[in-house]
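Take a look at the structure below.
The chains carry the letters A, B, C and D, assigned in the order they are written, with residues numbered from 1 in each.
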Amino acid sequence: MATLHDDKKARLDNDAADQLITSDNPEHPANLIPSLCAKFWTLGWVTGTGGGCSIRDEDLVYIAPSGVQKELMKNTDIYVLSLSAQEPTLKQRSYLRSPPCYKPSQCTPLFLAAFTRRNAGCCIHTHSQWAVLVTLLLEAQGPGLDKVFEINNIEQIKGFARGTTKQGNLGYHDTLRIPVIENTPHEEDLTEYLEEAMYRYPDTYAVLVRRHGVYVWGDNVHKAKTMCESLDYLFQLAVEMKKLGIPWISDIARVAPDRP
Amino acid sequence: MATLHDDKKARLDNDAADQLITSDNPEHPANLIPSLCAKFWTLGWVTGTGGGCSIRDEDLVYIAPSGVQKELMKNTDIYVLSLSAQEPTLKQRSYLRSPPCYKPSQCTPLFLAAFTRRNAGCCIHTHSQWAVLVTLLLEAQGPGLDKVFEINNIEQIKGFARGTTKQGNLGYHDTLRIPVIENTPHEEDLTEYLEEAMYRYPDTYAVLVRRHGVYVWGDNVHKAKTMCESLDYLFQLAVEMKKLGIPWISDIARVAPDRP
Amino acid sequence: MATLHDDKKARLDNDAADQLITSDNPEHPANLIPSLCAKFWTLGWVTGTGGGCSIRDEDLVYIAPSGVQKELMKNTDIYVLSLSAQEPTLKQRSYLRSPPCYKPSQCTPLFLAAFTRRNAGCCIHTHSQWAVLVTLLLEAQGPGLDKVFEINNIEQIKGFARGTTKQGNLGYHDTLRIPVIENTPHEEDLTEYLEEAMYRYPDTYAVLVRRHGVYVWGDNVHKAKTMCESLDYLFQLAVEMKKLGIPWISDIARVAPDRP
Amino acid sequence: MATLHDDKKARLDNDAADQLITSDNPEHPANLIPSLCAKFWTLGWVTGTGGGCSIRDEDLVYIAPSGVQKELMKNTDIYVLSLSAQEPTLKQRSYLRSPPCYKPSQCTPLFLAAFTRRNAGCCIHTHSQWAVLVTLLLEAQGPGLDKVFEINNIEQIKGFARGTTKQGNLGYHDTLRIPVIENTPHEEDLTEYLEEAMYRYPDTYAVLVRRHGVYVWGDNVHKAKTMCESLDYLFQLAVEMKKLGIPWISDIARVAPDRP
């Protein structure tokens, strides 16, 4: 039975928790996630509460809740958890701060996979129609051919990092490869497929989910966001190329030598 | 012949009526309808004064007027009526508050059908081109095949509630079914077709209108708006799938078991 | 040779002229044209200084200048002329107010045709790609078939007035007909073609210009703007219908009787 | 080893450098580049840090840095250099003002080519998908046919200047020709191809880069920006024409004589 003392402590705890998402700095994760999500909504990435975004600041992870209208999100809607305090084998997570009236996002274990396995600082999940259409086009090519999206010789590929274990960005003549994983009825069940794809493609910064969307991560918000934009640009271009009968992979003669 | 006393009473009545649409709270229906409609205008849902939106707060129903530019609407443009005070068999309705210079929306009986027959809290009507194109594509399949839009195995389907009589939302492997009703020269005449579709599809939260658009409702503004977004996303995706030769219904092997 | 007296008079004249375009009222034509044009720019109607908008208030006509970036226009950019003071046979026009640094719009005689021959209160000219594509699709059907755009059985048609000499708007089963005129190297030379189309289609509120765009007018700003939106919606829908193999004219069985 | 005197001098230098990018005037290049780039981002021209914009004011050249999110740019991000102080044969450039934390844009030598060889006042580089798709469609026509984009008899062509050595803008019946150059792994290596295209097309104000985007310049910001808009409109229209089977070049009978 709660005593006056307990009540006071609970209030203090709430105050301390709310300090985690209170800042005048627009770059603070609790302010940045809402402003990013509002921008993503206008891009059609997080329609109808789909998709999401999570930012890691050292050990603290900030995550948008489930089922929120992404263009209306506020800092007070944000969950906060300690990355090191999570039990990886348990699906039950402990939160430093939970907003009232919401449930945790089903994307949470996927965001955590990017943070723990790739040391990412930010992970973005979109339901972009271009991502979905790319997976549908791959699927239509038949079994076995639907496992990886490949495109080369497009300038925007240079907006993508070469890999977790490599320096710099991809070059114009390089082939960008984004693995495609199966979708599952429950988003949390995607985690093992995502981790398997991370294992098989150690340099990838993104994974497509069949008939669902894409997960993109980066060392920080800037890198995750600009790679996600570049990738969405390439998905849209790929769909338009398909409509016009232009193949995604081409053999362009090099007109100038590569330089280091 | 009006007396001084009548004049004063009329003024008081107007004041009382205007209080129904006057609030500092942006979540008040008379403020929310204009801000939603401005957003819908940017999405192409309410172009050229088409479409509309109505919110029910207990017994009070707030409706945008006919023929108003949706991105410019103000709270003072809103009609208010009492749901319980309407005579269902009469097309003549009595309004608690009527804006000067406007006519009631022809969508009114359709909005009322969602409120009375489904206990909805919000109903949105769009002229989205994607909705119209989906009905045209169904029509092109021939008579009998144009009565229901069906799509499955797309993640965004999970943004749609399972049904009025069921718990939770649809799953990834479920088939979303939206009935299509005939269009009529006068929008009010759609009401019986809408009600018939509600009767035949007791769990649907939306009805397509052939060559016209879609009606979507929900228990509250949040649900109606996010389901309308998810549906429009699916309509757009379906049109693009058709351009690319990809069928709307597929048989995807389940890679993970369903969980309760 | 200018005297001090002349200089003072010229300044007074400029002051009087500037009063024509100075108002705190956002509905004043000199404020409304810039805000409308900024909105039209986001719709892709007035890209690259193309297109324009003119409003008539009784005898005064307000026109945007030639070659201005439409999303950046200011009230001080606006020309004003007296409709009754124009010599219809002369191409040289006299302006009550001319902005410095600009030239009059080549659309001026076309706007004036809508004002004098149809008593319009507002005329909008867009370079919308959907309008251009519709004229290209008609042209591809062969000579003689490219003279009028026709579509029926689409709800948005009801956003269009039945005609200058008729009451009310078109019905769902009516066929909307928009004549197409030839383009000319100089926009001013379009005037006689526009006037001829007005003569042959006495009820039309819009004229398509082949490979160029569309002129839409109305009794006031509200009607011109909402009809222009509805028409652009129909042009875009028509292009998408063509891509999907759906004809613009159909024979839909009437499911409910027309009512007066 | 730095002395107190050196430190003070360095601070003064920084102050003087920062004065180059500090102004209350929104038309100042250091303010205009960020506002233009934010607008270009909404148009999809500078997605994922791609593309850019440079303005020349007499001898001073203002350039956005490499890898910046274009919709978030600030005046303090801008590089400034003296055009006359550059060694044309050296790739190493000296900057009057360099922002901390950034690298110079790889587009710099291409912007400088527009300023030095064409006396341009502004140069815009976009990654617009329409530009990329036009180069892909030309490439699909086969070798030799991919060297120039040509379109005629579209009104929007009149938004393009006739040429560096000619008066006025193109006419409706004129053919707009935009040369296409090869893409190179390193953007700086494009410079010689760009300069060669400038030499072979002495009147062009734009050059397409295969599978990459477009460079557009003009005598001032207004001209470069409005020509870039007109060109992007034409690229988009050309892609839609291709989808609908309509050729880019047509032989339209002149219905009215050309006038001087």
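Just so it is clear, a residue touches a chain if its C-beta (ideal position, glycine included) is under 8 Å from a C-beta of that chain, and two chains touch if they have at least 3 such contacts.
Heads up on the chains, UniProt names are A, B, C, D = Methylthioribulose-1-phosphate dehydratase.
For clarity, every value in this text was computed on a predicted model and none was experimentally measured.
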How many hops, at fewest, get you from subunit A to subunit D via touching chains?
1
Please identify the chain with the largest separation between its CA centroid and the CA centroid of subunit A.
C
For the homomeric pair subunit C and subunit D, should the interface be classed as same or different, according to whether the shared residue numbers exceed half of all numbers used?
different
So, in whole Å, the Cα centroid of subunit B is separated from that of subunit D by 46
Between the Cα centroids of subunit B and subunit C the separation in whole angstrom comes to 32
When you check subunit D against every other chain, which residues touch at least two of them?
243
What are all the touching pairs of chains?
A-B, A-D, B-C, C-D
Flag every residue of subunit B that touches subunit A in the complex, lowest number first.
153-156, 159, 171-173, 222, 225-227, 229-230, 232-233, 236-237, 240-241, 243-246, 252, 254-256, 258-259
Residue set of subunit C touching subunit D in the complex reads 44, 47-50, 67, 69, 127, 129, 132-133, 136-137, 140, 182-186, 189, 193, 209, 211-213, 239, 242-243
